[in-house]
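In what follows, chain A forms one complex with chain B and a second complex with chain C.
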Partner chain A sequence: MSLDYVKFSPGFDKFMPKEYKDMVEHGPFGKKTTVSQMGSFKEILEEHPMCAGCAMTLFIRLAMISFPNPEDTITVGTAGCGRLAISQAAIPFVYGNYGDQNGVASGLSRGLRLRFGDKPKDVVVMAGDGGMADIGFSCTLHSWFRKEKFTTIMLDNEVYGNTGGQESGMTNKGAVLKMAPLGKKFEKMDMLAMAKSAGCAYVATVVPNNPRRVEAVIKKAVLIAREIGPTYIQAYTSCNIEYAIPTDKVMEDAKNVEGDRYQFTEYVTDEAKQFLAERYGYKEFLPKPAPAVTKA
Partner chain B sequence: MYLVADINVDICAQTSCKLCTQFCPEANTILYNDQAGRDKGYKYGAAYVAVDRCKGCAQCVWVCDNMAKHNAIKMIMIDQLPNAAITDNIVYGEKSTTAVLAGPAVG
Partner chain C sequence: MSESLDTEVKTNPQGDPITSVAAAPKAEVKKDPHAEAKKQRVVTPEYMFFEAPRTKEFITGSEAAKEAVRRANVDLSIAYPITPQSETMQLIGVLYGEGYVKEYYRGEEEYGVMSAIAGASRAGVRCFTATAGPGTLRGIEPIASWPGHRLPAVCMFTCRVVNAPLAIQPDNIEVSYLLNCGMIVFHAENQQDMFDFIMKGFIISEMNDVTLPVGVCCDGFFVTHARGYVHMQEKGIKLPPREAWRGAVPVLDAENPPARLSRDAPVQKSNFMAYNIHAVWQQEVWAAVERSRKYINKFMGGLCSAENMENADAVIIAAGSAAAQSREAVRLCADKGIKVGLIKVRSLRPFPTEELRQLCKNTKLIVIPEFNYVGWLAREVATAIYGHSKAKIIAGPHVYGGQSMPVELIVDEVESGLTGKKSTNVALSAIMGTDVDQGAVSHFMQNI
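Showing the complex of A and B:
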């Protein structure tokens, strides 16, 4: 949890693998990296066993680059595809039982605040739609009701992709899947409205076909969660296997879905706007100057 | 044999869009060398693929063809690449990376 944990132990540097050396010497720790610099520095995320062309992986990759202070960040996850990539990264990852990720993150976040005081340590939960909206629903909602200060990111692939294609609460009505051959009979859960009414200070939907927007959304959510309250990001990360999307059409699908049912939305409370403007200089949230009075 | 992405330096180095580096789902797979094109007299550098990390999804091809409209990336069989970058031969610099190209070892 500091820049020291990515240094070589004295005398061991020549025995370390190349990837580790690159991470120490050219990683993002202690620097400000952005998506426009991608391809020119060593990323936190390493090789992982996710499927080729997976949009969820792309989102996780963008998210890891967007963390404001990666050296002070811990990710929390649960069963699902996402943890296969999130765990293959150079920042600590906590793997809870299925569905308790927001409960684990609550304790972790409180503990870090007790231990480190005002020095910001970010806790980011990244879990799938099943882990968050079905099995972990109570932990997720209650962490929001309790105003726990950490970021919750749902990797919404609208299916249980890891176990063969069962419908989840976030699957769209009528969707026919391998393990839901008659089609889903109920509407997609409105987690965004629940997040707002439960008291999240920042709620956004995002699709990974706009890397700069993903970066902006994640930075805002993590910064707000440091002091104001819970933040929630819902990201459309299609499952190209269960929804049979050819891998080279994954971004085309993301673009179509963004234009259809996953348009970019952002909800920021006034308190969070003021915090971002005053503490981190977000110009978009600064109070508008009064219009100049012109003499007639 | 299997397909990997291959980026045409002569097309890529004419612009500095870098979109493929932002849309690849694999980390540190499409990298950017800001001298690759300048060596050949172009205005910008060029992206290249670390073939040992490429899973062959061709998302970069769609992005280059449809978003950037440069058509600089093609999928080709790995044993037909004359020279390629692999992770062991990639050197990170301050703001860019370079790779010593070698024939990909295909067993």
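Showing the complex of A and C:
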């Protein structure tokens, strides 16, 4: 049903703009596209007003390619750099109030379940570190405690980038930024530990250097959120402007940060592992066959 | 031992509101708790409001709200217990247990609740919630954004004190904050209004050319906690469900092309087109408020009602509990030989501007009693009838901070207004349409 809206009404195709035609003819809707096919199809997100060299934009593009059902995915965000790109994508985006994203997503995903039952309607929150760990902290944590079934992705650039470089809760201790003229006085908030103790079924950290890993992580998180519970991905998406990273060094920085504080980690509850194995054939989570016991 | 096993289960102790799902008697076979809800049949709004036979019950305003929601085919409701609530939202929980409401949870606080209502309304389901006083202000950021996002929903505001020092008493000053949100705002006088306005609110809210949230206000305690007679339809019927495709703005269900407002980054930019888009959008929200008039007239019998107006010496204009007190004041005045009319304002947004201009054309004196300090209703009335009536307007008496309103206060204002005697309760500065002596005003303010 939902695929109908990305198709032309009969007789109207010749009046549609080229961008729209490309999306219908070469877009990812109703197909299984992967990050390794990038460049060979029309992406949901192409044009955007982000800064040159922005790692966040690369991550958002990768994430959108990775959505298992882009035609049935609704993104929710809040103020910050990320929404400038997310709002340009060819899928619905909710831009409500400051820090309300996990509250809105709670109502949205429950409402969609009431109307569509088992038919997957994936709700994905994508918001920055400030929007999630500072102003939206209460809504975020409570949505996890309530076991709301949707995916939360933090675009962590460790700074308020959109407002010009102020300290956020996710900034590293000691960093000198606006509103932290003497250096940040407390540690980076451990949202990963909080996600686990609040009951997320899947928690992962990624950097955008490894597209296939980003893809794998996003797919798992969205699928698990359909039935098992909340999922959380924390992605390092550097701000090359506020941290003065030369554009050609952005990936190098990501690699360094990956080696320092953003090692790939993945936490999957047993229930989620079983679900992925049984429902979606994830071999890595199939129960290991019992070693053959040979009796002497 | 055997005695305790046979103890009768009290499911609804006399005089207590039902606060938990009725437990089935032990001996019986397992009954479907949703059985009654499943039997409900859908009727048209016209049948529900105008034709369905009604029976009378003596219930609280919170129970009246519960009974309205039971018959309103509500999909989702989100509750928060305090800051400070009435019993309403826990009673909606009972409806959830009984299957009349399909989805329900206790939210973290009002900002989270009102945001989630925004999400659920975007999903295309019918939503209800309630809050009061400081909770309203805590939730007002999302509430004020509902109209702009064109989200139909009904929110009940059981007004309480919002000013410091912190208190939980009735005071309807929060209505003044709601008036400028772009939502439709009704003010219920009593339990019956509460019941009717909530149900009718859903239908008006979801009309295609309206597509706006509806706030149903009442004065906390006086309506929510006190009992009154409510004429209600049978429990076996309900309103038609929300039809998600009907809204003026598409819902976000990935079945329809998304509304542009969610996608247009240019609206956020600083250029002429961005300002223009936002300006036009605001105009459209308020135009939608205007378009709701015809539905309020149709379903609620008008934005205001007028009683006893013929040849009246004075007119009292009131909303909410003040209207109930004013009705009694009209009776006391009649005993004294003063003929006083009463206009009860039901809808504050849209405001009955034309109606008041007609009704007050030849009125000499208007008295506007209110349950708040600032007198928001008097300002509304004065703005509406300016240039259309020569009436002297007394913006008072006012009670606030939990005070009740003795009927005699209103009678005093009618009398002093007619005789020109100085009022002991209303400052001269709050009397519009007469010359004000600033010295007398300051003397009054120093001596209250």
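What to note about this one:
Everything that follows uses one rule, which is that the second predicted complex is superposed on the first by the 290 of 296 C-alpha atoms of A that agree within 3 Å, B and C clash if a C-alpha of one lies under 4 Å from a C-alpha of the other, contacts with A are read in each partner's own complex, and residues count from 1 in each chain.
By definition in this document, contacts are C-beta pairs under 8 Å (C-beta built on N, C-alpha and C of every residue); 3 or more make two chains touch, one makes a residue touch a chain.
Predicted model only: the values in this text are computed from it and were never measured.
By the document's definition of touching, of the two partners only chain B reaches A:45; chain C does not.
In the superposed model, A:248 lies in contact with chain B only, and not with chain C.
Touch criterion met: A:55 reaches chain B, while chain C stays clear of it. When the two complexes are overlaid on their common chain A, residue A:103 makes contact with chain C while staying clear of chain B. Legend: residue contacts after superposition of the two complexes on their common chain; A:175 is shown touching neither chain B nor chain C. Residue contacts after overlaying the shared chain place A:18 against chain B, while chain C stays out of touching range.
In the superposition on chain A, A:189 makes contact with neither chain B nor chain C.
Contact with chain B, but none with chain C, is seen for A:35 once the two complexes are overlaid on the shared chain. Of the two partner chains placed around the shared chain by superposition, neither chain B nor chain C is touched by A:277.
Looking at the complex, you find that chain A touches chain C at residues 1-2, 5, 49, 71-74, 76, 83-84, 87-88, 91-98, 100, 103-116, 121, 138-139, 142, 146. In the complex of the two chains, the chain C residues touching chain A come out as 75-76, 78, 102-103, 105, 107-109, 111-125, 127, 141-142, 145, 149, 244, 252-258, 262-265, 268. Looking at the complex, you find that chain B touches chain A at residues 18, 21-28, 30-32, 34, 47, 53, 55-59, 61-63, 66-67, 87-88, 92-93, 95-97.
Contacts from chain A toward chain B in the complex involve residues 18-19, 22, 25-26, 35-48, 50, 52-55, 57-58, 61-62, 209, 211, 247-252.
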